[in-house]
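Multiple structures are listed underneath, in structure tokens.
Shared between the two complexes below is subunit A, which has subunit B as its partner in the first and subunit C in the second.
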Partner chain A sequence: MSDALSDHGSDIQQDDSQEEDVMTPAELIAKLEEAWLNEKFSPELLENKSEVVECVMEQLTHMESNLQRVKKGDVKASVHRMEIDRIRYVLCSYLRARLQKIERFFPHVLEKEKSRAEGEPSLLSPEEYAFAKEYYANTETYLKTVALKRMPANLQTVDLLKAVPEPCVDSFVFLRVKERQENILVEPETDDQREYVVDLEEGSQHLMRYRTIAPLVSSGAVQLI
Partner chain B sequence: MDPSEVEFLAEKEVVKIIPNFSLDKVYLIGGDLGPFNPGLPVDVPVWLALNLKQRQKCRIVPPDWMDVEKLEEMRELERKENTFTPVPSPYYMELTKLLLNHASDNIPKADEIRTLVKDIWDTRIAKLRLSADSFITQQEAHAKLDNLTLMEINTIRTFLLDSLNCMYKLRSNLQPGSSKGQFTDY
Partner chain C sequence: MFGEKAVELIRELHRMSDGQLPAFNEDGLRQVLQEMEALYDQNQTDVNEAKAEGRAELIPSIKLRHCCLLRNQRCLAAYLYDRLLRIRALRWEYGSVLPPNVRFHMCAEELQWFAQYKKSLASFMRSFGGGEGLDITQDMKPPKSLYIEVRCLKDHGEFEIDDGTVVLLKKNSQHFLPRWKCEQLIRQGVLEHVVS
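So, the complex of A and B:
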């Protein structure tokens, strides 16, 4: 068995402890999976986790460069390859889910980005921001060349903010509680019902409106499922 | 979410295998595995177990709960209770399917187990449909779903959430002057 494979486990641990204080690679992968599921199920775009994405990328390239040095047909190498493929799938699926949301809600995403206060973390990673801006410009140009140009002069503008549907934060989501929460206000469905509060016990699962628990998703107290 | 993605998550569960080869510890990104010695049981994730099994490199030891007597008990309990009973594994359905499809020769009474798990699943899905129905007719805004597994939630997700959204839009359009529920889809 080649040395490349037998000692890179400790390599990774060292790499990791230099940039992240205490997170082990396994915890990193768990973080990525959490972010993946949250992004998949939340109606709106969540905060970007580019730190996690970058660390995972680094792990993958590191592992792949190690595998380069291994000769073909090694059992260990095939196991490592399978793991890499699995992680890569989650990573791609996560990034794709974000891009899909950006494409669906681009004017609102950009508007939020514009109105974001100084020092507040951005929803978008730099690459995603560039993508959103380009998407916006392209859509606008497309609409202009295809239709708007031929419209009467008073109808030649379109407000994309009004034309593109907003994310529906009132939709229901399934969630699992990771840290106990008290007094979560549940708004009534109809006028003849009254609002009430519930406590979310750790480990319990619920179905409720995204709007009520949106801050808990971003703080990591609940996990969407 | 696609059912295959739920299965993907289930494949992370740990299962015992008895390898017929020897190999040093493997240092995966997600944690260390092994060492593997012929005849000695070792814990591995399901995805690896299935792969090794397909290459005829190991025997899979079925999890404790995958046992006719235990499952029969569970089935009775599930039928008796009105609420959802705790399941032995959060991925019981997926694991049964995966293990029985790929390693049925390692699992005693595979056919009986398949039927039992299917029975339990059917009972639970029937309950789930009933509770979804009452959730909608009573126009609730919150439901507790303890003991439901991801696969079960997933079977009802799209249908339930879409209907709730549609109902919400229709209802909020009834109230004059409200604009938040307007149909904005084009």
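So, the complex of A and C:
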């Protein structure tokens, strides 16, 4: 998918002066795909990758403007057009998946953001944070004006944190190991089982509870599939 | 019985299973709120009586009424919230302008919520790519081919494609168009994807 890009996007490297490692477009797209799959399959919201999103956006605009210069009827043009479409699909799908989780779990997402320690990276990008706050306020006002205001005095509040379901981190996910891990503690499923440890070999695939491997997903050691 | 009307509201939504939006049941909502008011008043008098005259036998019925109140509150909140989720799904399906028959089923506050949601979503999408924006309600399915064959279901007038060509979308005419241009029109029901 990313081969067709490589002759286009050399200027992306100049824009990333704040980032230490220089990324080729192919690596960038691989990063996007990784973030996309992780976000799609994990039950809870993951850390935002806004710098990847921004870079991909730049890349897309760049490719579009390159395409304008190509003469009509060129075979190469339609190949590139298809490439743009596919990248845009991945990007949109990624952002959509995040937004859907924010909407679904908005009280919990905001609560997590509030209790975040100073210096710890935020799960939400500034735009997503603004969206989540607006969504919260909007929904709360709506419930108040339509029903809660007209209820008896002691019932005029609903604790949204309790009313809206939490993400189910106990669900099972498929994963592929990218870096070898040792001594992963697996919690018992039933009462007569005891907890045990497993080693995850590089390249192997597993089906495990999300809770067990959540830190490995955010560190990038495993990839959800 | 207490709580019956509130559950009826939930059932009404449940019957419309495939995400359709039934008309806002203002009447049902009012009846539940009235029931809650009556329960609350009754409880207030009983509480006062129990306190003043020490009548402990009133306490179980107070508790029962309070449970009913909580249940009604919960049902109403669920009814309203589930409707919001359906309305949200409509935004993604139809775009920012809802068809009149759907708007007809919404109450004034829901319209307000929808307008605000639309605004939040729009400013979120505008924030990408240095103010240029990215419409994430497009590209809902992975692209298979660049061009697709579509049939017009109603007259839509002229339609310009990226390279400047203008096609006339007349009812029952068939066209071979870039997919990324017609996705929205397909969802609005103007075009139909012809799968041969």
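One rule holds for everything that comes next: the second predicted complex is superposed on the first by the 205 of 225 C-alpha atoms of A that agree within 3 Å, B and C clash if a C-alpha of one lies under 4 Å from a C-alpha of the other, contacts with A are read in each partner's own complex, and residues count from 1 in each chain.
The rule we apply is simple: contacts are C-beta pairs under 8 Å (C-beta built on N, C-alpha and C of every residue); 3 or more make two chains touch, one makes a residue touch a chain.
These numbers come from a predicted model, not from an experiment.
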{"item": "Superposition on subunit A - do subunit B and subunit C clash or fit", "value": "fit"}
{"item": "Subunit B versus subunit C as contact partner of A:Y89, first or second or both or neither", "value": "both"}
{"item": "Subunit B versus subunit C as contact partner of A:E51, first or second or both or neither", "value": "neither"}
{"item": "Which superposed partner A:E103 touches (first subunit B, second subunit C, both, neither)", "value": "second"}
{"item": "Partner chain in contact with A:P25 - subunit B first, subunit C second, else both or neither", "value": "first"}
{"item": "Touching partner for A:L155 - first (subunit B), second (subunit C), both, neither", "value": "second"}
{"item": "Touching partner for A:H80 - first (subunit B), second (subunit C), both, neither", "value": "first"}
{"item": "Subunit A as apex of subunit B and subunit C, Cα-centre angle in degrees (nearest 10)", "value": "100"}
{"item": "Touching partner for A:Y135 - first (subunit B), second (subunit C), both, neither", "value": "second"}
{"item": "First, second, both or neither for A:D199, with subunit B first and subunit C second", "value": "neither"}
{"item": "Partner chain in contact with A:E127 - subunit B first, subunit C second, else both or neither", "value": "second"}
{"item": "Gap in Å between nearest CA atoms once subunit C and subunit B share a frame through chain A", "value": "6"}
{"item": "Subunit B and subunit C footprints on subunit A, overlapping residues", "value": "60, 82, 86, 89, 93, 163"}
{"item": "List of subunit A residues in touch with subunit B within their complex", "value": "1, 5-6, 8-10, 12, 25-26, 29, 33, 40-41, 59-60, 63, 75-76, 79-80, 82-84, 86-87, 89, 93, 163, 165-166, 168, 170-174, 186-190, 193, 198, 204-209, 225"}
{"item": "Interfacial residue positions of subunit B with respect to subunit A in the complex", "value": "1, 5, 8-9, 11, 21, 23-33, 47-48, 51, 135, 139-146, 148, 150, 153, 157, 160-161, 164-165, 168, 171, 180-181, 184-186"}
{"item": "Of subunit C, residues touching subunit A in the complex", "value": "29, 33, 36-37, 40, 69-70, 73-74, 76-77, 80-81, 84, 88, 107, 109-110, 112-113, 116-117, 119-121, 123-124, 127-130, 132, 134-136, 138-139, 141-143, 146, 163, 179-180"}
{"item": "Subunit A - residues contacting subunit C, complex", "value": "53-54, 57-58, 60-61, 72, 78, 81-82, 85-86, 88-89, 91-93, 95-96, 99, 103, 127-128, 130-131, 134-135, 138-139, 142-143, 145-148, 150-152, 154-155, 158, 163"}
